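Let me give you the structure first, and then I'll get to my questions.
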Amino acid sequence: MPSVLPAYASYEFMRVTSPSEFVAHLELNRLEKLNAFSRAVWLEFGRVFRQLSDDSDVRVVVLSGAGDRAFTAGLDVTAASSEGPMSGGGSDADPARKAKAWRAYIEEFQVSISEMEKCEKPVICVLHAVSLGLAIDLSCCADIRLAAKNTRFAVKEVDIGLAADIGTLARLPKIVGSTSWVKDVCLSARDFSAQEALQVGFVSQVHDDKEKTVEAALEMAARLAAKSPVAVQGTKELLNYGRENTTAASLRYTAVWNSVALQAGDTSAAMMNLFSKKKPTFEKL
Amino acid sequence: MPSVLPAYASYEFMRVTSPSEFVAHLELNRLEKLNAFSRAVWLEFGRVFRQLSDDSDVRVVVLSGAGDRAFTAGLDVTAASSEGPMSGGGSDADPARKAKAWRAYIEEFQVSISEMEKCEKPVICVLHAVSLGLAIDLSCCADIRLAAKNTRFAVKEVDIGLAADIGTLARLPKIVGSTSWVKDVCLSARDFSAQEALQVGFVSQVHDDKEKTVEAALEMAARLAAKSPVAVQGTKELLNYGRENTTAASLRYTAVWNSVALQAGDTSAAMMNLFSKKKPTFEKL
Amino acid sequence: MPSVLPAYASYEFMRVTSPSEFVAHLELNRLEKLNAFSRAVWLEFGRVFRQLSDDSDVRVVVLSGAGDRAFTAGLDVTAASSEGPMSGGGSDADPARKAKAWRAYIEEFQVSISEMEKCEKPVICVLHAVSLGLAIDLSCCADIRLAAKNTRFAVKEVDIGLAADIGTLARLPKIVGSTSWVKDVCLSARDFSAQEALQVGFVSQVHDDKEKTVEAALEMAARLAAKSPVAVQGTKELLNYGRENTTAASLRYTAVWNSVALQAGDTSAAMMNLFSKKKPTFEKL
Amino acid sequence: MPSVLPAYASYEFMRVTSPSEFVAHLELNRLEKLNAFSRAVWLEFGRVFRQLSDDSDVRVVVLSGAGDRAFTAGLDVTAASSEGPMSGGGSDADPARKAKAWRAYIEEFQVSISEMEKCEKPVICVLHAVSLGLAIDLSCCADIRLAAKNTRFAVKEVDIGLAADIGTLARLPKIVGSTSWVKDVCLSARDFSAQEALQVGFVSQVHDDKEKTVEAALEMAARLAAKSPVAVQGTKELLNYGRENTTAASLRYTAVWNSVALQAGDTSAAMMNLFSKKKPTFEKL
Amino acid sequence: MPSVLPAYASYEFMRVTSPSEFVAHLELNRLEKLNAFSRAVWLEFGRVFRQLSDDSDVRVVVLSGAGDRAFTAGLDVTAASSEGPMSGGGSDADPARKAKAWRAYIEEFQVSISEMEKCEKPVICVLHAVSLGLAIDLSCCADIRLAAKNTRFAVKEVDIGLAADIGTLARLPKIVGSTSWVKDVCLSARDFSAQEALQVGFVSQVHDDKEKTVEAALEMAARLAAKSPVAVQGTKELLNYGRENTTAASLRYTAVWNSVALQAGDTSAAMMNLFSKKKPTFEKL
Amino acid sequence: MPSVLPAYASYEFMRVTSPSEFVAHLELNRLEKLNAFSRAVWLEFGRVFRQLSDDSDVRVVVLSGAGDRAFTAGLDVTAASSEGPMSGGGSDADPARKAKAWRAYIEEFQVSISEMEKCEKPVICVLHAVSLGLAIDLSCCADIRLAAKNTRFAVKEVDIGLAADIGTLARLPKIVGSTSWVKDVCLSARDFSAQEALQVGFVSQVHDDKEKTVEAALEMAARLAAKSPVAVQGTKELLNYGRENTTAASLRYTAVWNSVALQAGDTSAAMMNLFSKKKPTFEKL
């Protein structure tokens, strides 16, 4: 088991190692709670992704959950009922004043999780075992999702009396093609399997168990990490832009973006590599 | 066969029953015309969905077609040629003046069908046998689609010399992932089967025959109806919003929406249920 | 082998024939370079699609690559390094001035390829053998994609050190449902097969070899060409609009569009045909 | 005083006369309440504008308030506190359930007022004396605003503890150039004069008193009513579209719109008129 | 009178001179027709702006009309009635087929005029005397408008039976603050004066006569031409982007744009100039 | 001179006092540098606005510059050339890698300044004397702008060789009606006076000197602070939303927002006040 990267030693719930050059492996690390999220956890989660995004030694991130029992059990319901507006502080305030507190609470939570999507490096998410509620919000922010056979997925929020608000309902309709399926799983809160997730395109690969899935993710990460970071990070940026904007706007943005990206030395380095079959070296980005 | 709900007794072409608590079953009921749509039918269709949307005794709607031969054969071509601008009234008007009549006619039709999408409760659509033209426009407005094995689907409009204008071309590219498939069926007007519809994600389940499909839909409806209506209706609203807006806009809208939804009593009721395995009761919405 | 249409005789790299009434078959025709694109090629490519779009004798276009070895090998890297900003002209200019040259170069290239998408007639694209890099940008502009079993697909750009900028990153997220798959192939530049392309919905059919795929495309084209061009071209326009705009905007645009389209004589001609089973004739458009 | 048009005889609070050919003069007519709006009033308001929009004998609408004391005093606060969610019905419901009632109430109100904006004919609004709160929401839906010198304008809502929700905050930033001014009057709820409204471009003309303002509006209306209704109504539609959409989208929509509008006979009629100085006649639209 | 720039000698209706370094003065030059536009004129108009945009010797463009009697009288109605769809060619086609011809005709016209807006260099438009119809469409594409006292402005289209379709209705609501004024002049087709145009912000300066206005424009142009073209052209691009996009999107686009623009040498050159009061030199762009 | 609020004592360049109940007066306080901005200043600027936004004792903010000589001289050019990417660190990196550093630098700067716009309380900005460059970016984020007669305004960036990138080009076209004026001042970098700013609607009031302008701002602030914070903050939020979104989207958002805001006790408190002329008390928000 590789040791924690010194620059990431201060996190309590985030374990960051580097299994190969330019690859960071981030583990949700709150074993005793099935990696569930209290406020302290999501604040750390946002912080670690900001750091990974800025760290020029990192070119690809793999996210997984520590332990065998869960990627994450989702919201730490016990913590939530004592720390946020749910804790009943200000319970004699009127609904408009309470709503302001709720908005602030939800938005801080959303912003923390969205840091994963904003991370400028590709993020590969490994799902396994219990992957409920927040697990879906989280993994919707990844670029590529892999799952172990035993993953138990569910957009569980309806079953605790609320509409998912940390990103699933905003992102899932954009990253899976079948709206009929998206509405089925979001409205019913039913479990779905890794196989079903693969079939509808929510995940890209299913492997026999967690270990094998992590292995596959790390291999994929190593391959991406060996490529030009200008090309890889530009591709991520432009695909995200393309998902949210019209084709015309995307083409224009792409032209502006590449008008400087193409001034990197990476294209000639990469081409040489293509012809010589020699491993190229790319400058840090 | 359950009897018609008294509040819905006045409809001529819409049969509404309640097979279980909080579930409304709406049948297109114009057997002798294979449930085809004249103007009177679509005006009733819009009206019944407005009523269902406002009816706090209804939490889920199942839509199907009466009889074994058709969900709906689509537009009632005979009626259309005698009642709308097709009837040739004002046939000496110039094209600009005729266009105004056509716009008004098309928009009234669109608005009527769109009431199904605007209905604040989830709508599960059961397709079987003949399901042509307007059948696709209609079912695109549902949240979840189930089909019987014998369903004969076709976006038939091109074969009667026109581009579909009651919603298929606006909605299908947003609810099925493969644009190559969408364009194939819309441009060619070819038939496709329930199996193909399942494969591309247009429908979520295929059952042996109409009866079994309706049964599956009603069971699914009963399960959704037992959940918190605040959670279920919020989820529908936010998924629809997410389909049409950027991720950033959706996250903000979600935060504002949930800032009041979370002040309902449903979350505590639902959580208690989750732990106690006792069926919760939710107030009407 | 049908002979080149006289109106299209002047192209050097574009071979246009008419295998059946109202069908144009356009072949990329630069065999010795595996149909790779130099600037002269893409300028011709844009020009031929503008001509096809305006040619009232053409109702459907089939695009394929000449020869057995490649649909297209993509960018002609040798040519590119001597003709565009890559050629090093102005190499002592500062990065902002170079960026202007790059923007102009990329946009001219984008505009040329986008003419395929803007073509008012349906375009069916046949992919086979080597189909790398630009091959994906190109085929994303088609309406329907068919592939031969031996197609070797790859969004190859990352491997030459750049983010694809001629349309793949802008269009692929809109025409394939699974974002996880889209990001996988775009970030990794890995090969994928015709079978995989079919599975995720990027292509609609796979045939045994190039010959059979072209045959299938020409048959499909002939069927579309026999339909009302007002209906077919309107359907293409409205589906493209629907992909890029909100449902509400699309419904309105559709109503305005059809308010005049429905004043064509095609609907009555088509209906008569439907009932009489006699082949209808539609006026040129 | 012209008599009420028979087709509009059934309204209680809306008085519609026709002072000249093709001109409808609509007066808010609830003198004893300073033309304040209860729910019955706004439902009638929406209905009368739908009727005016469809009435081919009407080409321009002038809206004013009956009596000398007020265009409208705004919301009828007494009525509002007994008929809507303010009436306290369901006061033991939780905030989420109350919010649903509020949403329904606000949206019905918004939809009614927005019918004025959706009316396909130009609407000229005459403001005078008391013009508070809802008076601004209303007049923002007009095409052209004229005011009498004695008009007392105020976006009054903040002073009754709420943010204006019937359209002022959505429309005012789009129809007046100075955002600093818009925020000043909306946040402070202060009065502003006709002169100030003219200066910032909220109104187009100021006249000495109500009578003279109505006269000016009716003259303007008569001039517009003598023009081609195809041209005038198209201009309104395209300007409204232009306000809400990008330039590129507007140009495209304009081309589609005019591709049929130009097939009217009005252009030749109008041109002949331009040269012969003879009053042209245009067919009804 | 400066002589025509050799590179622009081939135009028939466009006279291009260079009164000072980096300034191009473009005159509409069809005196005998009051600079009215036939199809040949607008095709040249588009072409000359593409050339000016690409010409690195040009940093600012001034547009004016030749002669004293008109900036432009607008559409050349005689020509229009013999060359476009108005000419009655295909007059037995059905309305849908005619509409296609109209769309093509309008869009070619729009594209030609829009080249002025797309020109990457600032365009200062001088208006004088007769400035009707198309004169407004044209000048809406300029960056800055100056007018002579005697200018007779009118959005004249309604008076010839049509809605303006070459850009006025798409652009005017975005470049003048008062919608009430915009609708007044567009619906009524009434004349308005230079003074009124100044007051509402449509033009920025009014001068005594045409000669003085051209002089003021050329002086302004010379001042802009002396500045860094990277800064000036970037400012134009970003302001145009800001007008059409949300603030958040604009800020992001600005950051990407300036990330390369700031790598020009212009900032240090300009700063040195600012301190030393010596005229800086900027490289061609 | 009121003393600094203890909660804001730690800022070096931001002086926050409370001249009256619920009003915060924020002064840029770097006298010796004419309140110019180094990186440390803008980071503090962002931080202080986040704190003000969250501080329930603050309902309105007034922003001004300390001293008589300048609101702010804009960017601290000396500091900028030693601390950011301008400092030449990494000067041997290729342009693409440098661009990444520039993007990060610009976005951090933009985010800091945008906190002023995101502040949930109204911000009134007082401009006086030197108000160049960044002064415009900043004041565009305010809700209401007041100026002293001696204000010397300029969008100065073009004169230092760059396009303004901290918000002026994104926001100015949305908050001033005349695009011709906006482009004039942004492209020419010329000075403009308080009087001119008033005329075009950039500022709302002009006063004799700085002292009188601050006084007017504080009085306006006190009036706003006495109103319902639910109403005032909702109005700000909805106006900002209205500026960036379509009317239809704004109306919907408004209905959702007010469905909870109207459940505050403020409306009844405010109404009572309106009738009794007694000063109401509103709960903290």
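Labels for the chains are A, B, C, D, E and F, by order of writing; each one numbers its residues from 1.
The rule is short, and it goes like this: a contact is a pair of C-beta atoms (placed from the backbone, for glycine too) under 8 Å apart; a residue touches a chain by one contact, two chains touch by 3 or more.
In this text the structure is predicted, and so the values were computed from the model without any measurement.
Path length between chain B and chain F in the chain contact graph, taken as the least number of steps between touching chains: 1. Residue-number overlap of contact pairs with A-C passes half for only one option from C-D, A-B or B-F: A-B. Counting the residue numbers used at the interface between chain B and chain C, under half appear in both copies, so the two copies meet with largely different residues.
Centroid to centroid, with C-alpha atoms defining each point, chain C and chain F lie 49 Å apart. Separating the centre of chain B from that of chain D, both taken as means of CA atoms, is a distance of 35 Å. Across the assembly, chain D contributes 95, 98-100, 174, 176-178, 200-201, 230, 248, 256-257, 259-264, 266 as residues in contact with two or more other chains.
Chain E meets chain C in the complex at residues 54, 93-97, 99-100, 104, 230, 260-266, 283-285.
Taken in their complex, chain B has these residues touching chain F: 253, 256-257, 259-260, 263.
For chain A in complex with chain B, the residues that touch the partner chain are 77, 85-86, 95, 98-100, 102-103, 106-107, 110, 114, 117, 157-165, 167, 169-174, 176-184, 186-189, 200-201, 244. Of all residues in chain E, only 122, 143-145, 174-178, 200-204, 220, 223-224, 227-228, 230-232, 234-239, 241-243, 246-248, 250-252, 254-264, 266-271, 274, 282 touch chain F in the complex they form.
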